[in-house]
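Have a look at these structures, which come just after this line.
In the two complexes that follow, chain A is the common piece, with chain B as its partner first and chain C second.
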Partner chain A sequence: MTALVPSPAEVVEGESRYDRLIQPARVHGTLYTDPSIFAEELRKIWHKTWVFVGHESEVPEPNDYVRKQLADQDVVMTRDKDGEVHLLINRCAHRGLQVCDDKAGNSSSFRCPYHGWTYRNTGELLGYPYNKGYGGKNKLELGMGKVARVASYQGFVFGSLAQEGPSLEEHLGAAKGEIDRLVGLSPEGKVSLDAGWLRHQTKANWKFLAENETDGYHPQFVHGSIFGVAGSPIGALYSDNSTAVTRALGDGHSENDLRPEFRTFDEPMRWFGTTPDKVPGYLASMAESYGEDAHRRTVEGAPHVMIFPNLFIAEIQVFNIQPVGVGECVQYSTAVQFAGGHELNMRMVSQSIGSVGPAGMLLADDTEMYERNQRGVEMADPEWLDVRRGLVRETVDEDGFTIGAATDETAMRGFWSHYKSLMEADA
Partner chain B sequence: MSAHLTDLPPRPDTAGELVDVPDGWEVRDVEQFLFREARLADENDYDGWEALWTDDAIYWVPVDGEGDHPRTTVSIIFDNRSRISTRMKQVKTGKRYAQAPPSNLRHILGNIELIGGRINAAGGTDLEVSANFLALESRARGNQLWGGRTTYRIRRIDGEIRLAYKKVVLVDNDKAVPTLGFLV
Partner chain C sequence: MNDEMHAVGEGPRHEVTLDEGAAGATVPAGRVVESEFASVAVRLDEQGNSVRLRVEDLRSGRVRFLDALELETVVWLEDGHLTQLLDPSHERWRG
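And now, the complex of A and B:
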């Protein structure tokens, strides 16, 4: 117990709390266990920065709505009659009840069951019964709460509870290109996330998930059981001699860029673990849409990118991570569907069911690791988690991004650097 | 995604006509089979459990009540015979960490009801049975009580009762559920 005095959590003159807890090669265990840090994260990250909430394809028609989660906030994603998407906070302006009970549906308005107050699907108050008690109709300047800023990129809907801040495109930065890469695998340049969501309760701090998503060091170990029996080539992508790279994309985003491996093989659909003869309709449509470039697209495949703080695109799956408490979060996962995807779409659903969610042959094992990790960091010694892997061999690529080898912790260090900047900002 | 799915097969829970309970089934034999299936799962007898299945097996754990079509929407589990085999091979490596160490587990079945005969793809008639269950799971994460209604389709092959279909509708499948690493 060498490092217990002074406590790393203690604030020292001239240093922020986070200077002590987050260092270049190590981070402190209390970041995952301290309820006061979690409360601060809600204020400075989850209620402030852009958070992935859902996809426009979940509310395809005017007046469609679906309940979603934004950290601790129950929100209703609606599409109004003019097609605009809103994120309403599910709370009545009168007595604070939950206004919308159904998980999804189609309605131009919501009526609170308690006293009958009614809201348009834009959040505007439409009316209240027995209005003489308020001096007549339209007398109240009230409405449902709204997520202050709503924006979408390629149909991915994000919300920010802060009135002001960087635009969504500024927040996404270099990660935009990764979303574009995914969408570029649709013959029609469009994806949808309308295959439903699995909901996986996870007794671990959300940051273990965010760090793990682009950790190329763990797959051979955590997933060796399925790689072996399924004859999967994925393991080799994360081997010690893989040519794939881990890239910190800035703003806390990161990716495992597997394209160097796939380019070497130069085989369309290898990224999906299949061969062209299995998806002829899809490849014909890709060739029709993109000509010669279809070959490059279908060789390089889909991105493996973690977008801070909660959107993970794992090639054909999308994960939405939402915190519940300091030691608990929920992973929502679904299969990407490509507009014009033909037979590939059903294959993506099938492969996703096999891989992700509470019984997934990959994600159940990751989740077991998250939960054991959470129990582990409750232990007193050693107090730190080591994130130095690859520091000795990191380089900067032609675009100015820090890159490491496939198994390096470059992505984690990028995550922590951005996290620290947000946590040190004034509330 | 309904487009381009002209070859979408019917959803498996309603595929095939439901007819009267076929002759030749004793409730007690059916119950004994269901109890044995649950015990093999509880005791991690993976080979014994896998051997119960027919070649046209479907093992389905949907989300959101009865679930949407499992070819076009995600489910917790939607295994055919080949994927059941992969799942068993994975767990038998001893490195399927979600189930290594294995959960301590006990199922209780009740409300066993013969629903009818279900015409299968080969033209035969399977017996459709449903049961309510509770399963108490204990692992390092904590104890978890699972519950729901299971629909089974069983048939006799060479005198042995075999399992062709099992759909498990968890009562809380509209919420986030923990890792389900065991055989539910």
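And now, the complex of A and C:
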């Protein structure tokens, strides 16, 4: 048969490679399997845009540090003696050795074990042994590498390896409001992510995760077992009868907004799967801090938001997704902890362990889907993934955001639209 | 005092015992303060006429006693000065 339609990999004059691969109702399978596309993603997305790295609460004291990932870069998040947070590239300026090896520590300076070159925890080189070989002290204009731009929002620390680009607040856009919503459930208006991170190695392309986080179509199927065992009312929120909406927040961010359902019930803590009598101390603290508005906050609950490209806030827990290769990524997860919310915090840790812990019943199911998805797209035919669900009933809300029903693929289409714009930009 | 004077590099062998309920370890030379970059043991020494802090570099066995005035001086060192002392070629690896 003569091919009348060019293969998706072929570039046609006047069209970008991504015009062919990313279409309004379908995306091509090679986006998840082609190593050259992954290499381009590193350059145009992971080394350029703002990427979530960690939280300020992980380095609470001056001179604390933790090892983190920023895509393929091993990064040391430090807090200097003056309290400022830095993201250093974990590489000695002398021979390129990895300087820090421990996962975390407290030190004002880092000494490379190879030849003793020593750096401040701001990355500045403060000395090297036997200085006569360099003509004396302070003769070298070298230091550890730094993530070009570091900024935080509500304690969430992001890094961008590009010297220039949109500010963090511009990047977050409407997603800022979702982070504010989370923080607004703390009686003290502050969250910490210091309960410890679980590390889930996943043999799948990172985009399967980013798309799945706000896919309201899968929960009833993939998570039927945990909903059944826990007697959770959450499953019913992801059905065609639900008043919940899927919202594309722009810039690749998206959410499953379950508030319409929770407002109908008007029951505080329903979002958390519990009742007020189980957490009276927390609700009293919320009422003390926020007065009448405490009721609305505790009825509407925490956000379910995917912040492009790698921060997923899933009500009670946070995921940090980092790519490893075209067919592999790591999901780091931790329980959210509310300042002043001790009674709820213990429950959030145990719920997180139950859902994403080593024997947890939620993430293991998702990860099984991710890995089978990766194996599936490596097959030749059909070449495309369908993302049209809900196109027939999409609308625009009062804030100008595209919304679909609870089970629609509105969020995926928003993701791909932003992804395409980044991949088509000059490197 | 001679038992304190280990040759540099010899590296004493201490029996490490974990304190119940504490994050740190204890060796005969005291409580261990350590990171991936250095490991020292500290304890109060009462052999002199007034108390001193005994600090042992567990990687080399070298010992330093710091009296109250010396410790106060460390507290008051300007950060810039302390940073100069952290330069490996300042003392130990001068060459």
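Here is the rule we use: the second predicted complex is superposed on the first by the 420 of 427 C-alpha atoms of A that agree within 3 Å, B and C clash if a C-alpha of one lies under 4 Å from a C-alpha of the other, contacts with A are read in each partner's own complex, and residues count from 1 in each chain.
Just so we're on the same page, a residue touches a chain if its C-beta (ideal position, glycine included) is under 8 Å from a C-beta of that chain, and two chains touch if they have at least 3 such contacts.
The structure presented is a predicted model; accordingly, all values stated were derived computationally and were not measured.
S.K.: Just checking: does A:Leu391 make contact with chain B only, chain C only, both, or neither of them? Give me first, second, both or neither.
M.R.: neither
S.K.: Is A:Thr334 touching anything from chain B or chain C once the two structures are fitted on A? First, second, both or neither.
M.R.: Only chain B; A:Thr334 stays clear of chain C.
S.K.: Tell me which touches more residues of chain A here: chain C or chain B.
M.R.: When the residues of chain A touched by each partner are counted, B comes out ahead.
S.K.: Should A:Lys137 be classified as contacting the first partner (chain B), the second (chain C), both, or neither?
M.R.: A:Lys137 contacts chain C only, not chain B.
S.K.: Once the shared chain is lined up, is A:Leu198 touching chain B (first), chain C (second), both, or neither of them?
M.R.: The answer is first: A:Leu198 touches chain B but not chain C.
S.K.: Counting only touches as set out at the top, which of chain B and chain C does A:Gly105 meet: first, second, both, neither?
M.R.: In the superposition, A:Gly105 touches chain C alone.
S.K.: Check whether A:Leu42 is in contact with chain B, with chain C, with both or with neither, and answer first, second, both or neither.
M.R.: Neither partner.
S.K.: Output check: A:Arg120 vs chain B and chain C. Expected answer is one of first, second, both, neither. What do you get?
M.R.: A:Arg120: touches chain C, not chain B.
S.K.: Considering only touches as defined above, state whether A:Gly228 meets chain B (first), chain C (second), both or neither.
M.R.: In the superposition, A:Gly228 touches chain B alone.
S.K.: So chain A touches chain B in one structure and chain C in the other; where do those two contact lists coincide?
M.R.: On chain A, no residue contacts both chain B in one structure and chain C in the other.
S.K.: Could you list, by residue number, the parts of chain C that touch chain A in their complex?
M.R.: Residues 35-38, 79, 82-83, 86-90, 92-95.
S.K.: What does chain B use to touch chain A in their complex?
M.R.: 1, 4-5, 8, 61, 63-64, 68, 70-79, 83, 86-87, 89-91, 93-99, 140-142, 174-181
S.K.: In their complex, what parts of chain A are in touch with chain C?
M.R.: Chain A residues touching chain C: 81, 100-102, 105-111, 116-118, 120, 126-133, 137.
S.K.: Would you mind writing out the residues of chain A in touch with chain B in their complex?
M.R.: 103, 192, 194-203, 222, 224-226, 228-230, 281, 330, 333-335, 337, 340-343, 345-346, 349-350, 352-354, 356-359, 361, 364-365, 367-369, 371-372, 375
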